[in-house]
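Letters A, B and C name the chains as they come in the text, with residue numbers starting at 1 for each one.
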Amino acid sequence: MRGKFSGFLLVPQIIFIVLYGVFVQYDVQAGPRNASDTTSSEHFDKLYPMFQDVHVMIFIGFGFLMTFLRRYGFGSVGFNFMLAAFVIQWTILIRGCLDLEDIKDGKININLETFLNADFACGAVLISFGAVLGVLGPIQLIVMAILEVVFYSVNEFVIAHKFQISDIGGSMVIHTFGAYFGLAVSLVHWRPELKDAHPKEESVYHSDLFAMIGTLFLWLYWPSFNGAPAAGTIIGERAVINTLFSLAAAGVSAFAMSSIVDKSGKISMVHVQNATLAGGVAAGAVANLKIGPLGATLLGSSSGILSVLGYAYITPAILQHMNIHDTCGVHNLHGMPGVLSGVAAVIIAKATSPTTYTTLELSAIYPGRVNNLDFQQQANLQLAGLAVTLGISIIGGLLTGLVLKAPFLGSVKHQDLFDDRPYWNLESEESNDIPMKNLQQEPTRKSLVLHHLYCNVN
Amino acid sequence: MRGKFSGFLLVPQIIFIVLYGVFVQYDVQAGPRNASDTTSSEHFDKLYPMFQDVHVMIFIGFGFLMTFLRRYGFGSVGFNFMLAAFVIQWTILIRGCLDLEDIKDGKININLETFLNADFACGAVLISFGAVLGVLGPIQLIVMAILEVVFYSVNEFVIAHKFQISDIGGSMVIHTFGAYFGLAVSLVHWRPELKDAHPKEESVYHSDLFAMIGTLFLWLYWPSFNGAPAAGTIIGERAVINTLFSLAAAGVSAFAMSSIVDKSGKISMVHVQNATLAGGVAAGAVANLKIGPLGATLLGSSSGILSVLGYAYITPAILQHMNIHDTCGVHNLHGMPGVLSGVAAVIIAKATSPTTYTTLELSAIYPGRVNNLDFQQQANLQLAGLAVTLGISIIGGLLTGLVLKAPFLGSVKHQDLFDDRPYWNLESEESNDIPMKNLQQEPTRKSLVLHHLYCNVN
Amino acid sequence: MRGKFSGFLLVPQIIFIVLYGVFVQYDVQAGPRNASDTTSSEHFDKLYPMFQDVHVMIFIGFGFLMTFLRRYGFGSVGFNFMLAAFVIQWTILIRGCLDLEDIKDGKININLETFLNADFACGAVLISFGAVLGVLGPIQLIVMAILEVVFYSVNEFVIAHKFQISDIGGSMVIHTFGAYFGLAVSLVHWRPELKDAHPKEESVYHSDLFAMIGTLFLWLYWPSFNGAPAAGTIIGERAVINTLFSLAAAGVSAFAMSSIVDKSGKISMVHVQNATLAGGVAAGAVANLKIGPLGATLLGSSSGILSVLGYAYITPAILQHMNIHDTCGVHNLHGMPGVLSGVAAVIIAKATSPTTYTTLELSAIYPGRVNNLDFQQQANLQLAGLAVTLGISIIGGLLTGLVLKAPFLGSVKHQDLFDDRPYWNLESEESNDIPMKNLQQEPTRKSLVLHHLYCNVN
């Protein structure tokens, strides 16, 4: 993959640099020539800690969450890193084209919010990456990211800009979109061998601990994810508090359900790693609304339960009956809880009364309702937004999946699925414990007599 | 444990949701109906970064610190997560009952400080968890957490609310309380087999590295732990700076002592993982006082030395002679340094002169002294606070320990001590390296001849 | 090493405590006796989140980045911790002596910025540690740190204080200095055996994952590293944004180049772990300048490419031809990108026009140019600063290396290179999987027949 892979990274990188030279400039906040003082806007100082939390979620959170696979740890944390560094730069340009960035004098004005929005686009791409983890090769992933950012931005343009829906934490824009986009790509890249458990599609003890690093940083910083778009306001504070409630309830419920769905009542790491986070997704579209501690914990609990049920029953079903392989179970963590959050946003919009929010709050939450207090219309728009998101993500994912079939993008051979070795230089490690150890799972290599010997030896 | 475990989580979770609906509402800061603007209070913005640091300490810090055990990694980071998500929700209600929360119109008013205080209660529970790590089962842990939060809040009510002692970092309220509560529970759950080193009560190379993730995040964010209650004030800044000094001194001293107590002068990871943190505990009760860089480094050094001596000599002694098993050595990290900090707070209160602090500072540090400058009385109250903490924690721990003896709470069988397998679904990993490898320690399974063979092979 | 090692830590620690008592006091911000209110300076609140990010970089970032070695994980994260806790305390005194701290009434005034500057000095020392990782023993490391802080502070005094160069992110002061100082020490401690790959100088699968924790936290928090010295101002905001651009470009470029330099086109973890970070170093000296998104991405890309080329071609060359062993490749991550940044700072200073910045901005960026707008002179000073840094670091490193040759400082035996066992108490782990497993690489212990058996068994 030598020249090709590098070309797919370096050619866009050169294009980014050139386009940045022509079309991108600092926002007035970062220092125009006639800035009269060195005092930064207050906004940067309030947003920065939340931005850094989101940044950690994207690179550490998503990256390590996916390291649960026994021999795809480098791919998980490494390709996650590569894709996110790439998508940040690409998103700025695409969102600029769609007028989603702050444009002045025909140039995109950059400030910290630009990078926050770029991180959000990374979120969607990395969720889709989770659906096809270990199944697509790195060049395919880069091309997927290039295309997905376009569909993502179009969807955002339609539902956030045009419909003016409320979705502060991106439960629709980011989570639902990323999940169904990834599942659609996965459907196109279905191969019958995926139906049977692949011997490498498994975790080992320490890979599950690495994944917990990702889980916990996602869980801890999710309030910042949902609150950052309203950083420094009372609305952002409410988003943080609702998300804290929802996550705590999802955490407890996920542990309880994990034991219930197991025949011997044991807890599964896959549920702890993922379903506990559903509370963050479920709160997303309504975190800035007055759902109250009751609403937040109810939503969190439901999403934790829903997510575990998804891992236990729905993922196996869509694998067997719909030919969709979902490596990380993004449908359970991002897909269903995202839809749940979107539906909750419809119901809550409908239940909003003209006295619920002040005009100032409305302008931040439901800008379309400032001059038109028809909350039934807002509810309809929220529902339309959810439908559009599902439509664009699924169609976009199917189209992208077809493009990724192009032979020169390098599909992964069956024996290389869920394996770092075709893409990572493991030379010094080839003769080491880990890769060799992993082979023991593969029945053809394991003689029962020797296995017995080994057990006694060890 | 299938239905029972889930019931012990889900029934309280449903109760939380219902009570939140009835008794809990947003604080005015998070947006009452008549909020006239969308501007958040400044306080949230100042507290939030510190709160997030504390949040990381509770879930990543405590969680990974305890992963040092070779085959209890899931239990360490997993039950830590479960307990903390549970305790956050439970603490809000109990502290509300005791009037420790902000109550208006008969309702508990929620803001970010509510969650900070809930995280502090988690701290105490997780310290106790450390004392009985691997010895109590998950249902016992949940019941322990339920009861401990009640005793914890009563103690806080008495010493912080009534005595008005100064303990900004919770060295008494959190650390001393959590440690002695846990040790008392451990005493009740003594079993003679614990006297001899259990073959699974050991670390392996990579489990010690995982534990360092916990250690370092605790060490790094401890200044926020001690400073957060005074976030945004000069007092909080002083708490941060004193804690930084104390932690650096404890770090250096712990390394030095670790080598001294080893017969061949080698450093032990258990000291690096724990005794380096004693500086944070030792600074806790006095971090906001004018102890100066001298006082802070002196306290930090002493606590680092004391903590290593505790691991080397005191923990083995209380195991052998007092029948108290302390898996994580919480007595050395939280117990003794907490008492040291409490005693330091007595001495410093006594040495305070009426001119040391302005009235405004006094109202934040020693509210009881604003109208009565008798600092000897403050010193007496501080001492009484320490005594009450020891009393409530030990009695509460003993009572809780007895309750946990109830057979239907599922005590852990001897062969399941310090082991994830009875509680965690390790199906795909049963045949893997880690669990098998671990068996090699158990002498009955190890033949010397084969061991020799293994050594040569590997 | 029992008494000696502890003495080299405890004697300085006692000296620190005494000198702190005599010469160090709180800054007015942390609360003098006549503080009229409890309101902290705004500055603390703005700096604190950035400071904590830098703090994480020093202890988690550098610490885990170096855990890539298979059997030097404790030394990497442990000695990193020890050195940093030591250097923080030592730096405050040395910088105080050189008038680099805030001095009032003959005392060093401590505030949060004092600790930020101490963390920066840790950065330089830990970079040098990376050059000699596994080659020097712990006592040698402590002595190296003691001496390096002196040379570091002298260099800072000359180029920052006297020449008034602009180097907000410390690309010269910290990165270039730390790298060449470490390489000079390494040259003096050359031993011919280092020319051939040492069997323990290798990573294993999970040690590379641990290293990614370090990498990612460094990458994520680097904007704070470059922006913290101007926290709360428009200049700090620009430093953050330029660094974000540079890091993203370096990330993409490093992945691309890693595949190019490999004969089979595979990606190497060593490049992902290190070259991705070169963008942070390269941005350092110019991050607060108006280099624009174009300049930042260009610099980031170049440094990522340069760094990978360094790992692939330059490090082997200086090992073979210049007898310099560079365990972590600090020349590629800190050395060359630091020089690149320094040279960029010369060019940009030269290109600055009198209208580029307001006077207020100039006073923060180029204080020497406020009353004298000769930017050619600034360029000359920047160049001189780079030369002085190279000179002091190399000479200081050579002298320090010679001092470390003193026999009572305990040089490392050949069989103990890159090995935790001589310094860490691994008793309970001696018979465990990891250390034993590691031996399999050493040919003398490996019988081919048994190796074949092992492969089949496992």
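Please note the rule applied: a contact is a pair of C-beta atoms (placed from the backbone, for glycine too) under 8 Å apart; a residue touches a chain by one contact, two chains touch by 3 or more.
To keep track of the chains, here are their UniProt names: A, B, C = Rh type A glycoprotein-like protein.
Computed from a prediction, not measured in an experiment: that's the story for all the values here.
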| item | value |
| --- | --- |
| Copies subunit B and subunit A - interface residue numbers shared by over half, same or different | different |
| Angle of the C-alpha superposing rotation, subunit A to subunit C, to the nearest 5 degrees | 120 |
| Distance from the mean Cα position of subunit B to that of subunit A, given in whole angstrom | 32 |
| Per-residue overlap in subunit B, given as positions that touch at least 2 other chains | 49, 206, 213, 433, 437, 440, 453-454, 457 |
| Of subunit B, residues touching subunit A in the complex | 1-3, 5-7, 9-10, 12-13, 16-17, 20-21, 24-26, 29-31, 33-41, 44-45, 48-49, 52, 55-56, 59-60, 63-64, 67, 71, 73-74, 77-78, 81-82, 84-86, 88-89, 110-112, 115, 138, 206, 210, 213, 422-426, 428-429, 431-437, 439-440, 445, 447, 450-451, 453-454, 457 |
| For the subunit A and subunit B complex, residues of the former touching the latter | 46, 49-50, 53, 202-206, 208-209, 212-213, 216-217, 219-221, 224, 230, 232-238, 240-241, 244-245, 247-249, 251-253, 255-257, 259-260, 262-269, 272, 276, 290, 292-294, 297-298, 301, 355-356, 358, 360-361, 364, 433, 437, 440-441, 453-458 |
